[in-house]
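What follows is a structure written as structure tokens; I'll ask about it next.
Going by the order they are written in, the chains are A, B, C, D, E, F and G; count residues from 1 in each one.
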Amino acid sequence: MEEFGARLLDGSIIFAYGAMIISFALTVFRLLCGPTPADRVVALDMLALLGIGFIGLFSISTGEYAFLDVAIALALVGFLATVAFARYVYKRALDEHHKHLPVDPGDGA
Amino acid sequence: MNSLILRTATPLLAGLMLLFSVYVLLRGHNEPGGGFIGGLIGASAFAIYAIAEGLAAARRALVVQPITIAGTGLLLAALSGVVSILFGDAFLTGQWWFPSFAPDMKYASTVVLFDVGVYLVVVGAIAGIAFALEGRE
Amino acid sequence: MSEMAAWLVVWPIAIPLIGASIAIVLWGRPNAQSAIGLIAITLQLVASLALLGHVWTNGPVAMSMGGWPAPFGIAMAADTLGAGLTAAASAVALAILVYGLGATDIEHRRAGIIPLLLALVMGVAGAFLTADIFNLYVWFEITLISSFGLMVLGGRREQLDGAVKYAFLNLLATTLLLIAIALLYGMTGTLSMADLSSKVAALPDDAPIETIALLFLVSLGMKSALFPLHFWLPAAYHTPLPTVSAIFAALLTKVGVYSLVRVFMIVFPESGEIAREAMAWVAVATMIVGALGALAETDIRRVVSYTVISGVGVMVGGLAIGSELALLGSTFYVIHSIIVSAALFMAAGMVARAGGGTRIAHLAGLYKGAPFLSVAFLISGLSLAGVPPLAGFWPKVYLVRAGLEAGEYAIVAGVLVSGFLTLMLIGRIFALVFWREAADGGHAMASSYDGGAILKGALGALAALTFVIGVYAAPVANLSARAAAELLAPDAYIEAVLERPAQAAAPDSDSMEASR
Amino acid sequence: MLAATLAPFVLGVCAPMVRRIAGDQVGWVLAVLPAALTVYFAQFLAPVAVGETLSFSTEWIPALGISLSFYVDGLSLLFALLISFIGTFIVLYAGAYLKGHADLGRFLMFLLMFMGSMLGLVLSDNVVTLFVFWELTSITSFLLIGFNHDKSRSRRAALQALVVTGGGGLALLAGLLLMAQAGGAMELSTLLADGEVLREHPWYLAMLILVLCGAFTKSAQVPFHFWLPNAMEAPTPVSAYLHSATMVKAGVYLLARMNPGLGGTEVWHVVLMVFGGATLITGAILALRNTDLKLMLAQTTVASLGLLVFLIGIGEHYAIQAAMAYLFAHSMFKGALFMVAGSVDHGTGTRDLHRLSGLGRIMPFTATAGALAALSMSGLPPFFGFIAKEWVYKGTLDGSLPLVLTAVAITGNALMFAVAFLVGFKPFFGKPSDTPHKPHEGTLGLWIGALTLAVLSLFFGLFSNISESLFVGPAAIAVAGHTMAVDLYLWGGFKAPVVASIITVAIGALLFWQGRRASDALARLIDPLWGPDKGYDQFIDAIIALARGVSGVLQTGILRRYMLITFLVLAAAVVLPQLFDGIGIAFQTPPVDLLVWSVALLTLGGGLAVVLIRSRLIAIMSMGIMGTGVAFIFLLFGAPDLAFTQLMVETLSVVILALVITRLPVFGSDHRGPLQVARDAAIGVAVGGALAALLLTITGAPLDIGLSTYFGERSYTEAFGRNIVNVILVDFRALDTLGEIAVVTIAGVSVLALYAITGGDGADETTTSDADKTP
Amino acid sequence: MNLLVVNMVLALIWGVVTNSFSPSNLAFGFVLSFLCLWLVRERFDQHDFYKPFRILRLAALFVYELALSGYRVARDTLSPRMEFRPAIVAFPLELESPLGIMLLANLITLTPGTLSVDISTDRSTLYIHAMDVDDADELRADIRNGFERRIREALE
Amino acid sequence: MESILAILVGLLFAISVYLLLSGSLIRLILGVFVLGNATHLLIFVSGRLTRESPPLIDKGLKVAEAGIANPLPQALILTAIVISFALFAFLLVLSRRAYRTLDTVDTDAMRIAEPEPDAPPMRGRDV
Amino acid sequence: MIDLVAGIVILIGALFSLIAGIGLFRLPDIFVRMHAATKAGTLGAGLVLLAIAVDSQDIGVVTRAIAGLVFLLLTAPVAAHLLGRAAYLSQAELWSETSIDELAGKYDADGRRLAGTPTSRLQSETDDNANLG
């Protein structure tokens, strides 16, 4: 049982790394393709979540729990970044709402 | 930002972040962390607070101007370095006390004071910069 | 282990640091800040003079920060060069601060000029006194960030324009310095300059060390405004408040030059052939380009900016020659230049105020209207051109002699030609701005402004100092001679820094314990 | 001796004060000093006459081997006496000439300072001290020429004199230092005592040329002769003193002084004779071409200086005596004539020769002085000028090409003869003419000097043995560097020199008779020609054009160019040494480590996206991704503190950037064309590649981790912390951290400063908020 | 009163986190939490006192719903043909306290197929995006009887 | 391991140089950011790399084990990161302020402090 | 045993992360995609933290892991709300299959105020947010 548990743990860690890398690639696709700025922000938020998972895995696989704090920090700052970007999108949306000004052509589609 | 959800969640989150920041500051001597990282987390807390509640509320929360906090931190760090002259040591030599009345406290030292100074500087300066950016259009 | 004397190395940075922090705590109270600033700089001057006196009688002195001996900890150390420059910088900073208090209105002081000035002075003193190369980078950054703040203080258009160029280029320079330091650490595993001295000497003088030496030359050359990396200086120095320009001109490039001297005399005394070769040519080009730039300019503050550059060329020229005589000349020139650059920018500020602008074409009549200013400007300018018996003459004599002795004729020619161009420049400026009457195309003087007692006092003090050093040159000459000798034989400095020179690698912990 | 040299400076500084106290009598008060100095120097006449030399030395800068050492021999004593004696009268004269002028005090200050400089120059033994005084004469002369600074011509003349003599001075400095280097001593007396060492040194030619540059510019030798006539913009006392009697002779003094050391070689002879002769003729012709009294005198001064150089160049027995005799004579008659010209100007309001005549009755003293001085200048017996001219011909006839040299001398002297009569006689004879002022004789101060000097010209001619034994003889011996027999006399029999004199007088008289016609003819001939005076302007313009060109190329005002040059330099610095010295990269194929590879790719991808993607939102996000990638790298390689910090910092940077960028207009348009893109990318790759190669080379070798081992051993035991990185930050290297938090705090302060004052021009220190900008 | 409890809870959390329940450490944790709370004091004045027991019950519900949510999202995401019908539904709030509304909105977001988009300015309506809606009223009723009721109980 | 990261460092430097050579304020800021990261990585690699053993002294030990990651470069990088961050923040604010005042983000158009020379120079004789 | 539990938790977490990625990739509009990211993504990361808590057997690590988890659960919905609102306001297109949009037309002209439904209380009663933010 113990041995099986250990093997399962090792296996799931490897699987988890793989899953996260795939998920990472898919998220990056969303980040690059948008189409809306909000989509990109969602993708970024997702990347932060993946990062937390990634650090967690790394922490377990090395047994070095010092890295856990980094994951927590990422949770904190990931939230901060998302709020900031959400605000960015929000403010731009508000601007459009009442000014109907042309938007930065670089963004959006 | 005009969001009930954010504004209601923020005090809790900011409080948590502040607590975590002090925790990170204090255990930095033995585990990853320290004044700088703690300070950044603390500053993030104020940033969130400012985004949610507005600049005025964030300023009220800090009571004094952010730059004063930073100045105090710098002064604290500098003085914690100068103190060693009283003990005949070189500049920035750590002075340690091992108080017997609070054994689990382990020690108090100028080194910790120094790190607290770092923390205050980072919180004050980063918050100051963020506030300045928010405040001026 | 740390007698009170060793604290003398610390006070020139600790005092302005504490002063700056108190001034920041007192944010928004400009008068209190001004008082703090005056007290701090005065105390710093006292401390650095005491340090200089101590070094003069007892030789280099060092203190290991936190009691951790170099190369493990950071040592602050002063030899004659470091202590002398600190004292000079401190003295000039005091004059500039006084000038600033007289010239700057309450709004600018409320905006933080005092803590920024204190921080700048601290950064400069730190750079002069540190014996650790990474720590040097930190002092550079302090100097840099406070100069950013000072640069933009006032927020006028040309200030922001100048600040953008200044900021990006200087940031690049300090980053390159950091890269060079990192690579040097990667090769030697140490950061103390005293330790690097022997470690670098043990390495073969091949591509990596040559490249690192060149990287130091490029980064510090940029900080010193050496051709062709000097662009940031004429782009920005004329834009801030005159007080700020004065302290920039007095101190910033000098820190770069000092560090070049330190690095190339202690860390790379034998290596870095390519860098040294390049340095000689670069120095000559800098002298000439600076002098020509000044001649081409039509704005009096930009003219003065360019003269700073040509001075940098002269100082680095001495380093490139590298002989005792040459280093003597360079050291003397640095001290001279600290004073004169500040005086010229102060004077330029007063000229702009009195003449109602900075365009040379439109300035006129100041000889009659502001005679004191005229004399002070002329003395400073002629000293810059190396006219005897002013301070700027002596370094020139010694650099020319050293260049002839070493066969570095290009440097000799550079010194002489740039001196000639500067003389021509000062003559022209004096004729146009001071002598000329409004009728000849210049504007009439805007007011009967002569600067007032405080400004005149500060400027007069520096001009008088230039004259006194020129006539009674022995003290500064002796100091420079000692500094040069110590640079060529840095054993005492190295021993002071390392405390116990022989034991570098991991001494046993008991003895360490005892020593703390 | 030091006190004697410095006294004029001290008194000079007090002059404006004395003026305030003494009012218009200031000249009389101040003249006491030069008079006392004359007496002081006179006491050395006796010892020097018997061949003694005196040295005085005070330490100045011992560390540099520079002392204030003075040396009194025949040459320096002659000069010192001339300076102080003529100076006495000049001070008197100036007091009278500028009576009531607001800046008289300042003028006398400069004048006295000049006197001190000149004394120091001729008495200095130390080469550096000599140069110090040399330059001081240039500066004081600059201030004196520009005294009438409201006139553009004055300013130009002052600047011109400064540029020419200052430039020559720098060459002189190099020359003197070369001499000191070559001869191994700083004292002239030592250097010149063993001239062979200098003459045979490989640097001989260099030092000669450099010293000659100094001397020729100062003494207005062709082609530098143009500045001296322009300097006549100065008030006449200046012209009389600086530009005839003293300063311009500094160059001659220098050549005479150097003669024992540098003289006697072929180059020396040829160069001095050619330049001196050319100057003599040029000056004399230009003198005749002019009609302004002062300008004519100035041009004859140029000619005389040429003659002196010419004689020193010949360097033979009589030539040297002639040089000293002529120098002595010239100082007296030219000083007198300048003062006369000034008095005439002062009394009539004009200096135009054609407008002046018949003043003799109205201005008797001035006229007498003028006539006597002119007679001496024209070289007629029994004036001392005659003796000097006779010796000149002795000298030329003694030289290597006697006929040519004599012909040159005769030409020059004949021209000067004509000028002497034009200046000294013409204004005072004939019918009184119409002048701007009603003519009147000046006060005592205005004519006493001229008259004294003129009378002395006669006196020394009559008592030639006095001049011989006390003045010319010792000076000539000093110049020659060895003893020689000097015997001056008025009449030595009807020999070749007398014949030459007669020819001179004949031609001179002819020219005087046809003065006006000669002048007009010369004007037609010369004026259209290009001259070095125009050349000077062209030179200045060329330098300024060059300066603007250089600045225009370098200082473009465009940050992109600055960056480009900076990176080109950087690329050269990191690429070239590795290219030439060879790279020692030990490239190990990296192990296949999926984590490291993917994290590295993540970082790189983020970085590339920053460059490639044009949406600002994605660019910022990519920046964040890159930063996160770096954090992960830190994490993978055992640096949790770093990863922690990097994550926080990178996020806060992104957040702040997002805050800022909302307010920036559009994502910065990158308007680089394809070529520029390729160029910039190439520079980037070169820098990056070279740094990577360097890093690989360096990391290929093992690292000494002694420092870290030390920290690991003491972190817990002595600094009570288990996190070594943190202990380094707060204890082992706490000073770095202290500096770091100072940076952070000051960044906060700087941001506040940036916002504190928003663009108002209400600042006290108005700097470039220029009234100029409005056209 | 209210703040004091929160303060004590935070002090306890401090004890847990720092792994020491000694009096001095708890005292320090108390002071620390006090300072942290003091900084954000403004927002606490309006809060109601809530009971730990009901909070636990709410938490249990939440965990249950969360597990469910995972399953449903996985199903919807992975199903080859996307056969769900999203909708944005207005939910009239009965809760009045900001804390309650916030909790409700967050729980809704964290649970299956629903996502709080915004709250009307007058706090009367919560707009919810739901992933698969057949009948909007049924959704409203579920929330009303589930989360909203439990939150009201917990916060009363 | 060093080789991968050394190449990465080189590429990041290349990217930052390319960005810094653009004339746009925003790209310059991005370039500074990349430059900072590249430099920190360079310091890291210079101190040599050790996988997965942070420089912490485990509980129960008094001195650090052998083979831990080199702590000194980490401390240096921390200092450098903080400093870069402070400067970066200032640069950002400066850029924004410069934009608001100068009304452009194109550095080529920033010619207030160093305007095109407008007047001909004063000639030699015009003194 | 502990390893087993931790392994299973990680496995589930990994699955959720994968699902979140897939969802983000293929789901049709921003709101639907947010369902995937907010729920599955948070669960994925949270479960890994939980696994750490299970695996470490160190009270300090457990509390920190739980604290991290709590923080995630607190912040994720707030972030989702802010993003959803921003997305709606920036007129992100809704998937064509979307059946009802009761939010349509509820924002006022400048997008700052959001009206309630007619059945709800009067707007004026508690309208104290209008001047903030």
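Definition applied: contacts are C-beta pairs under 8 Å (C-beta built on N, C-alpha and C of every residue); 3 or more make two chains touch, one makes a residue touch a chain.
Nothing here was measured: the structure is a model prediction, and the numbers come from that model.
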- Path length in steps (a step moves to a chain that is touched) from chain E to chain G: 1
- Item | Contact-richer chain pair (by C-beta pairs counted) among A-F and B-F | B-F
- Task: Mind checking the centre-to-centre distance between chain A and chain C? Centres are C-alpha means, answer in whole Å.
- Result: 48
- Once you find the CA centre of chain D and the CA centre of chain E, what distance in Å lies between them? 84
- Message: Can you compute the centre-to-centre distance for chain D and chain F, using the mean CA position of each chain? Integer Å is fine.
- Response: 45
- Query: Taking each chain's centre as its mean C-alpha position, how far apart are chain A and chain D in Å?
  - Reply: 70
- Item | Residues within chain E bordering two or more other chains | 13, 17-18, 105-106, 116, 118-119, 121, 123
- Going by residue number, chain B touches two or more other chains at 1-7, 9, 13, 20, 30-33, 36-37, 41, 44, 47, 53, 67, 70-71, 74, 78, 81, 91-92, 94, 122, 125-126, 129, 132-133
- Message: Where in chain F do residues touch at least two different other chains?
- Response: 20, 25, 28, 42, 45-48, 52-54, 56, 72, 76, 78-79, 82-83, 86-87, 89-90, 92-97, 101, 107, 110-111, 113-114, 117, 121-122, 126-127
- chain B to chain C touching residues, read off their complex: 65, 67-68, 70-72, 74-75, 78-79, 81-82, 85, 88-94
- Note on the structure: Counting only contacts in the complex, chain G reaches chain B at residues 67, 71, 74-75, 77-78, 81-82, 85, 112, 129-130, 132-133
- Item | chain G to chain A touching residues, read off their complex | 1-8, 10-11, 13-15, 17-18, 20-22, 24-25, 30, 33-34, 37, 41-42, 44-45, 48-49, 51-52, 55-56, 58, 61, 64-65, 67-68, 71-72, 75, 78-79, 82-83, 85-87, 89-92, 107, 109-112
- Message: Which residues of chain B touch chain G once you look at their complex with the stated criterion?
- Response: 1-7, 9, 12-13, 16, 20, 53-54
- Message: For the complex, give me every residue of chain F touching chain B.
- Response: 54, 56, 78, 82, 86, 89-90, 92-93, 96
